[in-house]
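In what follows, structures are represented as structure tokens.
In the two assemblies presented below, chain A is common to both, partnered first by chain B and then by chain C.
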Partner chain A sequence: MAKPHHKSKLRDLMAGYSFMSPAIVILGCFLLLPIAYSIFLSFHRVNLLGTVSYKFTGTANFERMLDDPRLWIALRNTFKYALIVVPSQTLLAIVLASILNMKLRYRNFFRVAFYLPTVTSSAVLVLIFMWIYNSNGLLNFMLEAVGLPTYNWLGDPSVALLGIMIMNIWSTAPLFMVIYLAALQDIPETLYEAAEIDGASGWQKFWRITLPQLKPVTFYVIVMGIIGTFQLFDQSYIFSAGSGGPNNATLTMVLLIYQYAFKSLDMGYASALAFLLAVVIMLITVVQRLIFKEERLN
Partner chain B sequence: MKQRLSVLLLLMLALVLVVSACGSSSNNKEGASSTPSPSTPASQSTEASSTPEPPKDPVEVTLAGWGASPEEQALLQQVLDEFQSKNPDVKVKYEVIADQYMDVIKTRLIGNEAPDVFYLDAFEAPALIAKDVLEPLDGYVTPEFDTNDFEAPMLDAFKSPDGKMYGFPKDYSTLALFYNKKMFADAGIAAPPATWDELQSISAKLTKKKGNKVEAYGLGQAPELARQMFMIKAFGGKLADDQGMASFATPEAEKGLALVVDQHNVAKTAGQPSDVGAGWGGEMLGQQKAAMVLEGNWAIPYLQSNFKDVDFATAEVPSVNGQKGTMAFTVAYVMNKSSEKKEAAWKLISYLTGKEGMKTWTSKGFALPTRKSVAAELGFDKDPLRGALVAGASYATPWQAGTTLPTIMNNFNNQFVAAYTGQSSLTDALKKGQETANKEIKAAQ
Partner chain C sequence: MRTSINRFRPLFYVLLGIYALITFIPFLWAMSASFKTLPEIVAGGMSFIPKHFTFDNYRTIFHQEPLFTRWFLNSALIAVSVTVFNLLFNSMAGYALARIRFPGSSLMFFSILAMIMIPGQLTIIPSYLIIKTLGWLNSYQAIIVPMAAQATYIFMMRQFFISFPRELEEASQLDGLSRFGLFFRVVLPLAKPALAAQTIFIFMGAWNEFLKPLMLMSDKAMFTLSVGLNTFKGQYISFWNYIMAASIIMTIPALLIYIFFNRFFVKGITFTGTK
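This part shows the complex of A and B:
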């Protein structure tokens, strides 16, 4: 390699990095360092209150997970939650987007109306829903009116998580609806015209053209949906006033991490749990990529 | 590629250096400020008072507490104003922590941003005392402060195992039976129940149903440890052993707790607030969805101001197994160990928990005084509504049980709700709660 060339390349590099340095510093400070620090913490026993001490304990924090019944409850709740919420909200988003993509009258009004729940702060939504779920609230009133059994939605462990699910499906589906709507409008009209000439019905067009064309977007929506559901915190926190109750029914992974970190001040174990959550989410994403990649080649 | 990586690494290294430099410099500062503070605060206090003080800017002391009703807040402000007019050299900055009080206080203690003086519930006290973040107050106490004037159980709640005082209780409340007089009269009941059997039998008379739906329960219950700990003790059960391990899964403890659970699940004459769409017991009674509830002093001003048309009275908690029992809750003012204004902080604490300050603070009956002299002067033991609460103080179980109580409470509450809602038997629930709690306690040690 010629030296002058090398020098100019170095100068280019320096210039490039100096332009990027604000971003690198911010990312480093608020993303990379905390990640590295939390990995560091997860191998230590940390005492923060009083005399600050870090004691290296090897994998003790990870071994503790095996024997922590609350962790398994939290994982089970989180999986159950994701398993129901992600498909439902994706399906609802496709349906809503397809409806809005038709040439309806007052289309813009419906677009705004459907999107409103997503704009509302989740804390406000939870509080409103807690009124709806109240024993004398709107939901029980409606169930009673049509002769269905009523529940103590806030106090009964068997339906508490379901309450949060319903609320979240309703509030996040519109966000994905907008993404689907944009994708729907990107599908070339010519494809549908060609299909019509071939005599395809409306259902066939949807099934054979729309859905396959939406595949990359669906991948994105499902990945984001799963990440979002695995990070469920604010709703169950407000719903149960931070306890994850009744009877651990609304205890999610992130709420458990919060409890260990800020209620028990056990930062080491909490970091180890956060690490576990990251690994779980990554694994699920990798699996999804494998499934979707296979079909993308076709 | 390699080169780019090395540049990146260099940058990262520089960043780490900068950040760690920041960290260490703040550490130094902290060390410097904490070293000159003397280990014996008493010597400092005599020194400060003996030298004539030149007029200077007042010292600002921060005081933090949780929020309360506007009337209570105004009363506290009145006490603080009186204190400031008597001590012009101290200025009090009062902060309200609206939510998750202990989480905020603990985090601020770690970050060295904690207030100089703050409220501490007896239930959290042992854990904070063990962590050595509170200032022992023995060195500051003068004979005029008169420690013996305090009710002993309330004072003991803020003592460390080796007998040092870490806080002085500002007020307390016990639980008493609150009942709706009109509902009692309508059901033909003349007097409040004296025993738990009586309570259960009149609950049946007081429960009003419309079809299958209960409109008003005889008794409003709170299925949580803070309210039910005395039931564990009623038949000789114990919440935790001497090592701080949970030990509530015994037949004795179960016998007391079964009285609570069975009345909800079997007799169906008692319910929890969420069963009728209320937030807590006081609201249940106020909305006339329960004829009786076990609540504390805090319910009196609440009911009087929000439900003026509800005519209620109080009585001592009915005896269980022939013994009187109730819970006692108390809160103290404590001092932050790393406070830089300990002298002024003590002035504030000693005024707030002193005879004069406590008299003003408890004068309106929002809270009961922990000083015997103040209690005698205000005469709450003869008050028609508060007499039952004061009477409970002598036999109450204080809401406290060592450093592991938060863990035990969390697991007990979770399992107890399962039994209370009929999802599992009480025996299984208690066993599971105890196992989980002890596993967690062991893992955290």
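This part shows the complex of A and C:
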């Protein structure tokens, strides 16, 4: 009896590893190895000319960050961006999801339609918005029509980031709307029925039941929004043709890392920046997961 | 309470209508530009309907930019291969983690969970150096292989197979099917909803990917459509009719996939939470 059991164990071992092997090889070579490599790079000066060579520089790359004016500009842009985009897209997502969750007719059509920007490539979206923003474009035309001041959206440093913000609120809110929609459908109907017996109005139900029930999802959406802000790249790269301009107004963290790595070929310093960015993002994720878990247990 | 909703019902329809307009206007404006002549574009104006409707812009981009077709095919080849590999490898790994007991499986499962949390930005530079060392710069495998399996979807498939009825597999096992036969002939065909949700996200992600081809492909013939579009913009500055025609062409495949797989979408989104 013992032998066949042993045999089936061996067979499971073989099957397990052969099923896992493609994933192990790919994730090992292109995820785990790069992680270790990036930590190594962060503490080295990398010479890319000829054969790649490294020189250990200790914490020099990290010390350099303290007096890198462009890093502080990128952080300031990220902060400004998060401060406006995250609350706006969250609020918009809640409002749209709540309306879609009322049993209105054609709600499926609206849901599918609203989601459209999210499936469109960021390269295409940026081009479409640049076409709308250009000084002779649709947005200025509309602003003029209602008597508002017009701007040089693409060239004026004071509004360039705002242009990207508007575009991203428009393209990201629908994603969070769908997440809210799923959360709304998870709220037990009995809560509303109980409130109705107590004579609660539609608004009261929304404020007293719906919003409190959405608290964990809202927290999740805000954290995802902040992380997305830190990861902004395509939009500012295409918008500014890779420069982060006008006058560094659209410079983001990832664009800065890209410029250091592939324009200045300073891969050591760029890796140190990427490492720091990753640590910040992972800390935010871990805190979010811990709080989320606690909320669920309560 | 019923009455209060009913009273506001028209207001809610108006709000939905307004937001639908806000969603559609940029796309319609882009599409209208792609059918306009250059003089009409330069003249400005707010008309969505072209005065002289023309297909010339579409014709021109394929003729003037001989690489445009190549970029389209590059994007298609990369997106399709990445999707096929992911469907296969993620399901295999997810199935093993859910159903097969073997030493090291729980370590692998927790590693997968940890990998999901690692932001992609961390691996950009080292991946570039690894791919350069392999001599893969300016090749399809530079993008396809590193993207061929993804931790998020391995986890998704594992969760899917865990809640999958065991009886079917047990019955087939009695029929003498091997693990592989069982997986490919019984399990995979029944996993269609999960595979469909994955297809959307992975195809979109690969089709729309910008940073990877930007850094890995310096040879113009190897550009994908997203990177090609960006150079195209630099070349044809203020030729918005061409730029918009090219943008519309890039949007169509992703749009078709979205419409076709739409009903599996919500499920997938609530699962992964991100694009």
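By our rule, the second predicted complex is superposed on the first by the 255 of 298 C-alpha atoms of A that agree within 3 Å, B and C clash if a C-alpha of one lies under 4 Å from a C-alpha of the other, contacts with A are read in each partner's own complex, and residues count from 1 in each chain.
What we mean here is this: a residue touches a chain if its C-beta (ideal position, glycine included) is under 8 Å from a C-beta of that chain, and two chains touch if they have at least 3 such contacts.
On a predicted model such as this, the values are computed, not experimentally measured, just so you know.
Once the two complexes are laid over each other on the shared chain, residue contacts for A:29 go to chain B and to chain C alike. Of the two partner chains, chain B is the only one touched by A:155; chain C is not. Of the two partner chains placed by superposition, A:284 touches none, neither chain B nor chain C. Look at A:243: by the touch rule set out above, it reaches chain B but stays clear of chain C.
Once the two complexes are overlaid on the shared chain, A:64 sits against chain B while remaining clear of chain C. In the superposed pair of complexes, A:13 makes contact with chain B and with chain C alike. By the touch criterion defined above, A:136 lies against chain B and chain C together after alignment on the C-alpha atoms of chain A.
More residues of chain A are touched by C (comparison of chain B with chain C). In the overlay built on the shared chain, the residue A:84 is in contact with neither chain B nor chain C. Shared-chain residue A:262: touches chain B and chain C both. The interface of chain A with chain B overlaps its interface with chain C at residues 13, 17, 24, 29, 32-33, 52, 134, 136-137, 262. Across the complex, chain A is touched by residues 1, 4-5, 8-9, 12-13, 15-16, 19-20, 22-27, 29-30, 33, 42, 44-46, 85, 88-90, 92-93, 95-97, 100-105, 108, 112, 115, 117-130, 132-133, 145-146, 148-149, 151, 154, 179-180, 183, 204, 207-208, 210-211, 214-215, 225-227, 229-230, 233-234, 238, 240, 243-244, 247, 250-251, 254-255, 258-259, 262, 265-266, 269-270, 273-275 of chain C. Partner chain B is touched in their complex by these residues of chain A: 10, 13-14, 17, 21, 24-25, 28-29, 32-33, 48-52, 64, 67-70, 134-137, 152, 154-158, 242-248, 262-266, 269.
Of all residues in chain B, those touching chain A in their complex are 3-4, 7-8, 11-12, 15-16, 19, 100, 102-103, 106-107, 109-110, 128, 131-133, 272, 274-277, 406-407, 410, 413-415, 417-418, 421, 423, 436, 439-440, 443-444.
The touching residues of chain A, counted against chain C in their complex, run 11-13, 15-17, 19-20, 22-24, 26-27, 29-35, 37-38, 41, 52, 95-96, 99-100, 102, 104, 110, 112-125, 127-132, 134, 136-138, 141-142, 145, 170, 174-175, 178-179, 181-182, 196, 200-203, 205, 220, 224, 227, 230-231, 233-234, 237-238, 241, 254, 257-258, 261-262, 267, 270-271, 274-275, 277-278, 281-282, 285-286.
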